[in-house]
Structures are given as C-alpha cells and as structure tokens.
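In what follows, subunit A forms one complex with subunit B and a second complex with subunit C.
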Partner chain A sequence: MLIKKIVGFFTSLRLTSVLLGFAIILVFVGTLAQADEGLYAVQANYFKHWLVIGFHMFGKKIPFILPGGYLIGTLLLVNLVATHVYRFELAPKKIGIQFAHAGIILLLIGQLATDLLARELQMRFVEGETRSYSDSTGEYELIFAAGNEITAIPASRLQPGAVVSVNSLPFAVHVKSFWRNSDVNFRAPMMANAAPLATNGLALSFDFKPAEDVKAMDQRNIPTVVMELVGKGGSLGTWVASVWAGEPAQVEGVRNYYMQMGADMAQKIAGQLVVPQTVTVAGKTFTFTMRPARVYHPFSLTLLKATHTVYPGTDIPKDFRSRVRIDNPQSGEQREVEISMNHPLRYGGYTYYQYQMTQGEMHPGEQSFSALQVVHNPSWLTPYIGCGMVGVGLVIQFFYHLSGFVTKRKTK
Partner chain B sequence: MKKWVPALLTAVMAIWFLGNMQSPKDAGFAFGEFGRLPLTANGRIVPVDSLARNSLLEIREKQTLNTEPWKAWNEKPHIISATEWLANVMMNPAVADEWPVFRVDNPDLISLLKLPEKDAAKKSDGKHYSWNQIQPSLEAFDKENERVQKVEAGNRTAYENAIIKTHQRLGRYAQLKNTLQPADAQDWPAELAAYEKMIPAGVAAIQAQQAGQKYSQTNFDEFVGTIRRFQYMASLEPPLILPPNGAREWRRVGDALLDAPRPNGVAIDEAVRSYARMTGALAGNQPQVFNEALQHLRSLLGPDQAPALSKAQAEVFFNRMEPFYNAMVIYILAGLLACMSWFNLSSTLRRTSVWLIALAFVIHTVGLVYRMVLEGRPPVTNLYSSAIFIGWGAVFLGLILEKFYQNGIGSVVSSVIGFITLIIAHHLALEGDTMEMMRAVLDTNFWLATHVVTVTIGYASTYVAGFLALIYILRGVFTKTLDADTGKALARMIYGIVCFATLFSFVGTVLGGIWADQSWGRFWGWDPKENGALIIVLWNALILHLRWGDIIRERGLVNCAIFGNIVTAWSWFGVNMLGIGLHSYGFTEAAFKWLMLFVGSQLLFIGLGLLPARLWQSRALRAA
Partner chain C sequence: MKHLTSLNALPLVASALMLLANTGCGRDDVKVYHVATNDTVVNPPGVLAPMAMPSGMVMPAGNSQPKIKYTLPTGWKEKTATQMRVASFEIAGDSKTADVSVIPLGAMSGGDGPNVNRWRGQIGLAALAEAEVLKTAEKVEIAGQAADLYDLAGTNPGSGNAQRILGAILHGDDAAWYFKVIGDSTLVENNKTAFVNFLKSVQFDKNAAFPTPSAMDMSQLPPSHPAIGGADAGGLPPSHPKVGSMGGIGAPVPPVDPADKPAWTIPAGWQEGPLAQFLIAKFIVKGDGEASAAINVSRLAGDGGGLLSNVNRWHQQLSIAAINGEELAKLPVLDVGGVKATLVDITGNSPLSKQPVRLVGVVLPLGGQTWFYKLMGDPTVVTQQKETLLQFVKSAKYPDAH
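Right, the complex of A and B next:
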C-alpha cells in the first residue's frame, strides 16, 4: 500500500508539473540574480546547489527558500526513470514520447557528469612560446620552488589564521589575510603611503587591498595572500604573494594600466612586480609566488602565428586564428594545426578553443598573444546523443499526431 | 461578382506595391545615380543610398528628409531623398547645415540647446533642428556630455540618454561631413589643387627642418596646417569611399590625402579629384558638371569592382522595394477584414483577407530571401532579422491553420503577428545598419542556419499559440461568437501549436548548446540568453504535462498559452536588457517600456480568462 503510494507519487504527472514549474522559477530567478551576484556565484549557489536560501532580485535580497538545480534535477530524474519503468508500453502512439524522455534522462545525467568531471583551463602564450601545461581559470596555488623542486599549496587551504605545513618545506605558512579578489597599487616613492602590508619583497613596492568578487563572465577574481613564514627557529618574515605578480596576463594588465605614466615608467613598474621573492632556510633558497593552478600535459603546444583580422575600416573582429605545433615525445608526433573560432582542436583528451587574442600591430609595444580555452570533459558526447534522441522522439510523435489529424479532417 | 472581390483587391494592392518600386528619373543633379555608387562602411560594401538611409534613420528616425517639417501635410512640405541629403552633407554643407535633420524630443535637452519651440511662423516644429541651430550651444552640450558619459548606462535618466543619443548623432553627422572634403573647406576643388601643388615644397621643408637645415617657414607652416586638417578628417573614421586603385584597398579620402606625401605613398586618387569636381558643381549649382564628374567616377571602378557595383545596385533596388514596410501595410488591411469576417461571417471578407495575407506573405518572403542573398547569410543574423523571421514563421503557421479550419482565426493571427513583428523590426532598424558584419564567433553559416533558425521558429510558434489564446479570450469575453465548436477548435489549434513549439524550441536550444560546446567548450553556461530559451522549452513542456495530467482543461490551456507570450518576450528582449552575458545586444529604454506594457497587457488577458463563466458573453450564450 505504502509502496504503491510512493510509486504513485514518483510517477505522477503532478510531480513532473511541479518540478517543471520550480525549474522555470529557478532559472528565471537565477538569471536576474546574475546582475547582482555575477554568473559564477549564481552557477554555484543556484544551479549547482540543492537549496537556494534567499536570493537576489533587482538588487534586493529576498528571503525565500527555493529548491536548487541539483534537487530539481535529481527529482526530475527519479520521476522520469520511475515513470519509464512503471509505465513503459510498446505502442506506436507512445514510442516517440518514450524515446524523447529517454533522451532527456541522458541529458540530465550527462549534465550532472559534466558538472562533476569537466575541467576548464586556459593556455595563453605569445608567438614563439611553448607550453606543456594549462592554467586553471578559477583555482590558484601558492608555490615554493627550489631549483626544479616545486611545492604547490592550493589557495583553498589558505584560510585566514590557518597554519599550513608541508613536508617538503622547512617552514610553515601562517596565513595573516587571504583575499579572494584584490586590487593592486604601485607605492609611488615620495608619496604619502600608508605602512606596507609586509616587511619584505613585493609589499615594499606595491599595496594590495581586498576587492569585491567579480561579476562579469569574462572576468576573474585575482587573489592575494599576506603570510608569515615561520621556520624552526622562529619567524622568517612576512610577505605578500599575489596572482597580480604571478600570472603574466595580470602583469601585462598592470603595465597597460600604468601606460598613462609613460611607457618607460610602466615597464619599470611591471618589472618591479615580477622581481622574484625568495626566502632562504638552511642554505636552501625558495622562490615563491601565487599563480593559477596548473595541469601538465604529456605534450606541448607552440604558438607559431596568431592572426587577428577585422572588417575593413572597423574594429569588428572578423577572424581569430592560431597556428600551433603539437610536440608529443611519447608518440613522436610533431605536426602543425590551426585553431580558430568554431574550429577547436581535440587532442589528448582535451579540447582547445580559440578564446582571446590581441594583435601586436594594433597596439604598438604589445606582443601578439593568443589565449586558448582548454576543456577536459569526458561526457561531452552525451548532449549530442541526448538531443538527437529527444529530437527524433518528438518528430515521431509530432508526425503520428499530424497524420492522425489530417486523416480525421479528410474523413470529415 | 463576389467571387472576384478577393482577387481584385489583391491585384490592386500588388499594383500599388509594384508602383512604389519605380525609381523616379533624375532631373538636374543625378542623385539617384550617385546613390548607386559603392563604398565601404561598417566593414562591408554598401551603396551610397544605404549609407544615406541608415544615417538618416539614425539621425532623424526616417528614411527621407522633410526640409519644412513645420508645415502640415496638406501644405505640401518639401521632402527630399536620403541620397540628396547625404550628397549635400558631404559636398555642400553650407546648405545641409540649414536643414532641420536632428530629431530632439527631450524637453530638457531642447532647453539646454536653447532651441525654439513649435512655431510655424518661426519655421520650427519643436522636434527637428538643423546643425546651425544646435551649433551655438555646443559648448554647453559638450560639458553635459562629458559628465553623462561617466554615468553608468543603466543609471541614466531620460535626459541623459537623450544627451548620449544626440552626441552619437552629432558624431555621425561630423563623420559624414568629413567623408569627401574637410568639413570646413570653403572651395574644395581649389584647395585640393593647391595641396597637390604644395606637396614637393612642403615635404622638402619638413625634411630640411628635421635635418636641422634651413627651410622655408611659410611652406612649412602651410603644409603642416593642411596636414593637420586632413589628420582630423581621417581621425573621425568616415566611410571608406575611395575604391581600390591597384596599390591600395578601399580607403578614406583623408587617408589618401595623408598618404600622398609619404616616401612610399601612392599619388592622390583620380577619384578624389572627381569627387572634388562634384563638390564644386553642387555648391555652384551646375548639374551638368556634377553628372559628368559622376560618370567619370563610375568609369574609374575597374572591371574587378564589377561585383561591388552590382551588389550596390541590388541593394539600392532592395531599399526602394521596402518589402517589409509594404508587407506591414497589407497585413493591417488583411487583419481588419479578417476581424470583420467574424461578425457578419461573410466568406468573401474572410477569403479576401486570406488573399491579401498571401500577397503580403509573398512580399515578406521576397524581402527575406533578397536579404539573405545580399548578405550571403541564413535569415537570422541579429535582433532585427529575428523580428522579420519570427513574423514570417508566424504568418506561415497562421496560413496553414486557416487552410485547415477556414474560420478567419488563422488569418487574424497571421496578420496581427505579421504586423507587430514588422513594426518591431522597423524600430530596431533605427539602431543603424541592419546588415552589419558578424563578429568572429558568430561567423558560421552552419550554426546560424540551424540553431538560430530553429530557436526562432520556436519563438514564432509560441507566439502563434499565445495569439490564438488571446482570440479565445477576446471573442469569449466580449462577443457572442465563441460557440462550443469554435472554442474546441481553438483549443485544439493551441495544443497542436504548443507541441510544435516544444519541438522547435527544444531542438533549437540544444543546438545552441552544441554550438557553444563547439566554439567555447561549454555545452551549457547559464548565460541569460540560454536561460531565456530554456524557460520557453520548460514552459511549453509544462503546458503539455499539465494538459496530459488533466490538471488544466480548455481554459487553463488558453491562459497558459497567453503566459507563453510573456515568456517568449522575456527571452527575446528581456534578457538583453540585463546587460550581462555573452549574448547581450544592449537595449534602449523605450524597448523596456514597451516590454513592460506588453507583459502588463498579457497579464490583463489572463485576468479576463480567469473571470467566472457567467461574466463571459459567449458562455452566457452557450448556457442559454
């Protein structure tokens, strides 16, 4: 009896309708909230979450509880599968609908798999450079390098007040402050500056301060940490490590910002930003910085030529195109390929998409760089298959009805 | 006799349409011929005629110029073509600066610019002003503009938006004035000749000055002064009007003038001199000299420019045809007839409306296909063309419904949606060139043809279902014409169209995901435009499930379908107004106001639909 009730509940069209209704509300609310919270925060808090507790609308916080994307998706999945199992019928008038719903099940599972398994990375290089790794677009790491030995501490461990000790390091990292997003300012000499954030290195020439999380889709948070390194014999000093200094693209951004003070000055400031910070313990020197987390590939790509064309007499981009060489020492492969908008390269389990580009000739003093979006998504095929199934199913159903309708009218 | 009415009226409208297409013969100055010259603007080859129309649309919101707007229509105000206006802006600014071409509506801006109010005696209509009227207040305007530019777009007031808009219009005008000659030229042919003569001495003076040798100060100053003028001219980035000359691609007159004295520069094009001759002739009122120079200019376009020339001519023909405007007019007429047919149930009226819709649909289709051929693209490339295509799809579906049911309902849906979408397109065209080039990521005919077209058909069919539902409510609540059979037939139509819409919006949305996966590696990014499309799919699916579960019946279905109108409008326009995400196009305040009005009206209809049956005119009839 109880089982029958439960089955009845999970196979009911009412449940489907309620879930679809909530899905509509969630997507609508999640779209509006993007204006206040930014795309990434909304993805994490609304769509990739079980419950949404309080949401933003037109700049105001609304204290309602909504089911999140995971909850709706899971229940829909249960609803669909249960209905399939209990109501399956091999009849011509049902075949299309059943096929379409099977496709939807696949789409839901595929999307869940993508959420769990896919990684989005970036590879950014100027002409002539070779890269054998990709950078994470949202995760960062604090690294200490002694020669070829590199120790990486994920930024997620750098909570304020935390003490991070790693076996390969002869000191502990005491986190004073950690800012998920930060601003940087040059401490101009002869100006009335506040006291520096730390007693050593970078902090002497630059000020960092916390900033609000970014909202736009093409922007990223740039974290900074203030830390004290403590060895066995006591404190080694405090330092600042920041992605502003550790990621070439950000350094370039700072340089461009200070162009208003003249090209020489901008170059000097950018140069100061990348002066290596070091700490020496027991004769061993560690260079450290903060940078996007890296994923190493067993092959490398070299950017041979970056081409950026615009329509004549305008700034409207017409084409972005990168010619790269793949060097794979394992397979002995060495070949050139072209990556352009809408024509990605699929290689070694990763897909490389043309993402951004600047052309040196257009901005004197800058080198042409090309940024590739690098995606690893083992379930990338599921939407293709799922969509195909739903499409075919709906078409079958549609023609089944249409032919019924037309015959009915003719016999009338 | 009655049998022939539909065909007769359709023939009349067809003749009216074809008659409008005739281009008037040039008398005096050959402005029509001038309009057919190709040039490069917005990154593509366009005829002068298109540049003129698009610029005038942007500045004056019309494709023609009324030089005496203070006169009522029956006083025969003087109206000139866009090309004649542009010719004068580029070659005879002394006259063009007097024409009231800038449309200014905002009262605060009118008083800031110290412009006259409506007063026929003082030759002012209170809306359109000339450059010469605005120019004295430019200092005050620039000060305000500088302040307003720093205000974030979303936070601007109506007045501040008017400042921005007028700033753009003034900029466009300055650009056009500097296309063929420096805007401040007094006698351009003579100035050009003097410059050409001056080049060797000027170059020598500059070289000597740089080498630290003795040089002629007069030559130096004069040459540098002229160069500065040309630099300013080129810096405004006017259209590239000089055709390729063997050594250089399409380029600006300013760039050609600056290029000539350079060590590896190319001599000034013959075209520059021809245009200068035309300038002198227009200012001196010598049509024959003007026309001869124009002929000479055309002969300069080498055989390699034949495609550009024929493309330009094809586009001029398209501009003259104005298929979407004409189709819109016929849709209105047809819609009125179809509505009337409900009341006296005359089959002649109904058949006439179907014939007229068919004619308008043919014109609409011709326009759509012509545009596709001109652009070399699938039908939908931007918001403007999406409006045209949604209208086209909806009219097509409406005609099919009419063929099956023959009850005047399909015709009303066709004509009303046809009319509304074309009027939306008309307003979207005010933003500028509607055939702009596609940004790199969108530059793929395959995805434009599959994803965009499918998703747009999904929009169109959701609207058809929604408008059928509106008819149900209107006829049910306010008239006695909705009997049980008509009601059932309408509900069946709505249900069928919702199924169709589910199919297309779903497939279209997923194809969009696949495109995203192909071009930036992400099948689904929760971008506002994607979410908008997803909501349409979910809403249509919800309607179907509610109906299957018998949770809603006939009236519930009708009300849900009306809500579909809101959902679609949100996805089509609303999400663009959020200003976030990869798909955003930017929006105007006016569009937001209309969207809110539309949403409000639909909610009102749903409210009517929820009224108890005894308040319905038709239900009362059925009960009796």
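Right, the complex of A and C next:
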C-alpha cells in the first residue's frame, strides 16, 4: 500500500506542475536577487543549492524558504524517470511520447553532469610562452612544491580550524583563518603598527584582511589563508598564503596600483609580493603559495603571435587573434592553429575561446599577452541529443496522430 | 497495457547519478602530481622576482636610473640593462653561464638579513636569523667604500644543479646597491676574484640622483599610509583582466589638505620644492655656487615607528654609526610651544657622492602624531640655515594642536 502511495506521488502529474511552478518562482526570485547578491553568489546559493532559506528582493531579505535548484531538478528527474519507467508501454502510439520524455530526462541529467563535471578555465600567456595547464576561474588551491612534486590542497578544504595532513607532506596544515575574499596592503617599514598576521614570509611585508565577497560579474574573490605548519618536531611557524601573491594577474594589479608611488617602488613592492615562501623539513624544501586551481593537459600550447586590431581611429577592438602551436608528445602531433573570436579551438576535450588580449605594440615595453577561455564539458553533447530526441519524439507523435486522423477520414 | 511494474531500473539510474556526483566531488580531494617544470614562483610579465630579473625588459630610453662606471673583467659580456638594473653582464664558460646584475633600490630596500635570505632561498638554502646572516659577510670595497659580500653555495631548487651566489650590498644615503652574480657553482667560484676587482673598480656618477620614488624615504609617509593607492587599478590596460576588490588597498592618496598644513611663514631664501608623495612641504635653499640644502616636512601617526629608529635612519643616510637608547636620551631637546621636541644634528658623508653632508632634524610629537623636519645638504648651507629652521619649527601653528 505504502509503496503504491509513494509510486503514485512520484509519478503524479501534480508533482510535475508544482515543481515547474516552483522553478518559475525560483528563476524569478534568483534573477531579482542578483542585484543584491551578485551573479555567482546567486548561482551558488539559489540554483546550486537544495534549499533557499531567505532571499533578497529589492535590497530586503525576505524570510521565506524555497526549494533550491538542486531539489527542484532532482525531484523533477525522479518524477520523470519514475513515470517513464512505471508507465512504459511498448506500443506504436506511445513511441513518440516515450522518446520526448527520454529526451527531457537526458536534458536534466546532462545539466546535472555539466554542473558537476564542467570546468571553466583560463590559459594566459605572453608571446613565446608555453602552457601545459589552465587555471580555474573560480576555484583556488594551496600548493606545496618540492622539486617537481606538487601537492595541491583545494581551498574548499581550508576551513578555519581544519587540519590537513597528506602523505606527501612531512607536516600538517593547521588552518587558522581562511578568507574567501581578502585585501592586501603593503606594510611600509614605518607604518607597520599592528603586529604582522604571521611570523614568517609574506606577512612580514604585507597585511591581509578579510573582505566582503565581490558581487560584480567581472570581479573575483581573492582568497587568503593564515596557517600554521606543524611537523613531527613541532611548529614550523605561522604563514600566510594568498592568491594576491600566487596569481600573476593579481601581482600585476598590485604593481599597477602602487605605480603612483613610482615605477621603481611599484616594482619593488610587487617583487616583494612574489618572494617565494619556503619551509625545509629534513633537507627537503617546500615552496608554497595559493593560486587558481590548475588543470594540467597532456599537451601544450605555445603562443606564437597575438594580434589585436582595432577599428581605425578608435580603441574599439575589431579582432583578437592568437596563433598557437599545439605540441602533443603522446601523439607526436605538432601543428599551428589560429584562435579568434567565434573561432575556438577544440582539442583534447577542451574548447579554447579567445578571451582577452593586450597588444605589446599598444603598450611599449610590454609583450603581447593573450588569455584564452578554456571550457571543459564532457557532457556538452547531451543538450543537443536531448533536444533532438524531444523533437523527433514530437514529430513521431504528430505523424502518428496525423496518419490515424487521415485514415479515419478515408474510412468515413 | 504492458506496465513495467518492476522498478529494477531505478537503482541503476540512482547509481549512475551517484557515480556522477562522486566524480564532481573529486575536486575537494588533495592532489599530488609531478610536473615537468616547477613554476610555483610567480614571475608575471612585467613583475619579476627581486634580484632575479630575466632579460627582456629593456630600460626605457631616458630613464632616470643612476649611472655607474666600472672596469669590465675579461670574459664578462655586457648585456642590455633591464628595468631595475643599471648594469648587467653575462659570464660564460664550459657551456655554463652566470648572470651579473647591479640593482640600486630606494631607502626601503629592507634589511640585509631578509635580502640575503631571499638569495639563500633562490639556491635552496634555509633562511638564517638576521644576526647569523650578518656573521657570514665578507668585507669588500665598492667604489672605495666598505661593503658586505655574501658567498652562498647551494643548488637550484628547480634543476638540482649546483649554484652559487656572490652578492655584495652597499648602503648609500638614498639607496642600497645590490651587486650579484648567480649561476653555475664552479663558474661563479672561478669568477670571485674578478667580481671583487669589478666591485673595486665601480665609480658612481657624481651627479647620480635617484628619481624621487627610488629615493623615497619611508619616514616621509603620512599617517594615512595604509590608504595608499586608488580604488581602481588605474594602470591596467583596457583589456587587462579586472583585478579583484582592491578596496582594502584604500583610497587614492589625496593631495595635502591645506587644513593639514601648519600655518607658517616661509623664511626668506626658502623656495618651495616639488612635493614628493609623502611630504607635507619641501623647501630648497641655495648657498654659494652649487651648494644647497633641502628642508623636508612630513608627519606620521603615533610615534612614527619610534624615535630611535627614525634618528638612526638619519644616521644611516649619513653613513654614521647608529646610536642606542642611552645616547638617544642625551640628545638636545627643543621647546616648541611647551612641547619637547628632539633635535638631531649630525654630519657625515653621502656614500654616493662622498661629499660631506650635514643634517639637522627635529622630531616633534604633537597631538598623537609626530612631525619630522629635516634640513639636509651642504654643511655650510645647513649651518647658515639651522637657526632659521628652529625658528620656523617654533613659529608654525599646527592644525592638530588643539
């Protein structure tokens, strides 16, 4: 009896309607909340979440509870699958409907897979540089490098109070503080009034403090961690690792920022920021920093030429174009390709879009620089297949009914 | 109707979903992997690790870097001086190379301890305590002045090859000079004598003057220093990726607010000079011929980092020995409207030009802030102007002296 009731609930059309209703409300509320919370926060807290407890609307927090995107999607999927399985019927008149339903299920699963598996990365290089990895645009990692061995701890593991022990490290990382977004400030010798955050390295020259999460789409959080490294023999000191120091674009930003103190001073400060931080345990030296999470590729790209053209007499970009060489030691493949706006390179499961560029000729003394947006989405085909299936299903259904209708008229 | 009543398919779907979810969750796992080249150290375009300047960034023409003269040792090849370098050489031998650099840095170049430890880090040596570092120094002569040489042998953390650094540091009045050889251990060792002779041969351009920022004395920072910089990364090219929240670096340094400036009468013969970033006021006073002196007025929050360290900074600028707390207590005191100010009067040499220099400084703690007056320059001019300065300090009406 109970099973029947449960099956009845999950296969009911009423559930579908209610869920679709909630989905509409969630999209509406989420869209308005973006004004207050920012796109990425809304994505994470409304759509990539099970429950939304209180939401923002016109600057006010409304204390309502809504099902989040994950909950709606999962229930819809269960609803559809259950109905599909339970009411399955191998009959010609149902084939179209079955096909369309299967297509929608595929769409839902594909979206879930995209959510879990897809990665948005960037590859940034100046002319002549070779990259065999891409950097994540929203995920960060704390890395310890000993020679060529890298131990990467995702920022998500760095919760305050957490202790991270890994076999490859002869010490444990005790997280004192972790700030998802932080600010950096140069500690001028005369002005270092407050005690430094940590007793070693970077913290002696720079102050870091927590900052509010960014809301604008073109800004990113810059995380910082304060940690104590504890070896077998006791503490190896308290250190600060920050993306401010570990990501070239941020260091460049800090340098530009201090340019008003003069180029030499700015260079000096930026240089101070990238001084490697190391700990040595039993003769093994570990260099550590925090940086965007890296994804290594089994091949490399070399930026041969970055071309940036503008409409004559303006600064409006007309074309960004990167000529790159692919080197794949595994397949022995070596060829040159051109990546430009709307002409991405698809290679090795990754798609490389032309994203940003600075042209050396426009900034004398600087080398041409190109950034590629790298998208890895193993389930990129599912929406195409899913939509195809829905379309085919509807066409079959339509012709089945049409032929029935025509036959009926003829017999009349 | 042929219902598929058994729900056998559901566990299958569920496990597929679980599998999918697990793959996604793998992002939270700690990863250990090996890379062909370890590029942990950030060396972004245009921003280079200190004292590890790769070639390629050519100094812009007409740059204001100071110049040096020297005798080029045999076997050394001059390279184009890059952004921070004033001279750059390559030593080659047995298919190995070493790089020689000469870099002057402003007054805030930091202590020798951290700098030498940075060099030690570059060749995989552990950092030492400051006192330990200083013990390892050998005495050398650079342009006739005593300087410290550090001979460090280690291995390149990346390649594992034996590497050696010979680094010499000379402290000048406005700058510290860093002379460094880095490269293959044997090659560098064989070139040590040549390097020491090269250091001896160095001559500073007598007219060497640092561009203001290089020479920036951090004692000139205003109390609002933590608010250095603009909220936007104004220097970024249009298509440069947006830099994250720079809010914390603070608002732009505002020009000196007239309300912050003490009300004073500028003595005859004093000309207002170009205001460097952190000065409240600057005056230039000319003597006979080319002799001149400059008066800098700055203000810092609190005790401005401590009286002793400030006085010793001035001592350092004149290459004279630092004093201790006891000697500090014996310094003459100047009564400025009932407030006791410390008077410093020292004579020394400019390490760069070797000319004698006199400095008269007044440190005045007032209303939770500290005012610094520095008259420095040609001894004759400073002697003539000393009394004028003291009167000037006393006559000024301070905005914060409530």
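Keep in mind that, in the parts below, the second predicted complex is superposed on the first by the 312 of 412 C-alpha atoms of A that agree within 3 Å, B and C clash if a C-alpha of one lies under 4 Å from a C-alpha of the other, contacts with A are read in each partner's own complex, and residues count from 1 in each chain.
Note that a residue touches a chain if its C-beta (ideal position, glycine included) is under 8 Å from a C-beta of that chain, and two chains touch if they have at least 3 such contacts.
What you see is a predicted model, and the numbers here were worked out from it, not measured in a lab.
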Practice prompt. Name the contact category of A:35: first (subunit B only), second (subunit C only), both, or neither.
Written response: first
Worksheet entry | First (subunit B), second (subunit C), both or neither touched by A:318 | first
Discussion item. Taking the superposition on A as described, I'd like to know which of subunit B and subunit C A:162 touches: first, second, both or neither.
Written reply: neither
Practice prompt. Could you let me know whether more residues of subunit A are touched by subunit B or by subunit C?
Written response: C
Worksheet item: What is the contact status of A:62 with respect to subunit B (first) and subunit C (second): first, second, both, or neither?
Response: neither
Discussion item. With both complexes overlaid on chain A, does A:385 touch subunit B (first), subunit C (second), both or neither?
Written reply: neither
Discussion item. For A:14, using the defined touch cut-off, is the partner it touches subunit B, subunit C, both, or neither? Pick first, second, both or neither.
Written reply: first
Discussion item. Need the overlap of the two footprints on subunit A, from subunit B and from subunit C, as residue ranges.
Written reply: 317
Worksheet, complete the sentence: Counting only contacts in the complex, subunit A reaches subunit B at residues 12-14, 16-17, 20-21, 23-24, 27-28, 30-32, 34-35, 39, 42-43, 47, 107, 111, 114, 120, 215-217, 310-314, 316-320, 341-342, 344, 351, 353, 355, 373-375, 377, 380, 383-384, 386-387, 390-391, 394-395, 397-398, 401, 405, 409
Worksheet item: What residues on subunit C touch subunit A, complex-wise?
Response: 1-5, 7, 9-10, 13, 17, 20-21, 23-25, 27-38, 40-50, 56-58, 60, 83-84, 105-106, 108-110, 114, 118, 121-122, 124, 126-127, 157-158, 160, 211-214, 216, 218-219, 221, 225-226, 228-230, 233-250, 252-253, 277, 300-302, 304-305, 310
Worksheet entry | subunit B residues within the subunit A interface of the complex | 40-44, 237, 239-240, 249-250, 252, 404, 436-437, 439-441, 443-444, 447, 496, 499-500, 502-503, 506-507, 510-511, 513-515, 517-528, 531-532, 534-535, 538-539, 541-542, 545-546, 548-549, 551, 570, 575, 578-582
Response to the item:
Touching subunit C in the complex, subunit A uses residues 7, 81-82, 85-91, 109, 112-113, 115-117, 124, 126, 132, 139, 143, 145, 147-154, 156-157, 164, 166-168, 181-186, 188-193, 204, 207, 209, 211-212, 214, 218-222, 245-265, 267-268, 270-276, 278, 280, 285, 287-289, 291, 293, 296, 308, 315, 317, 356-358, 362-367, 369, 371
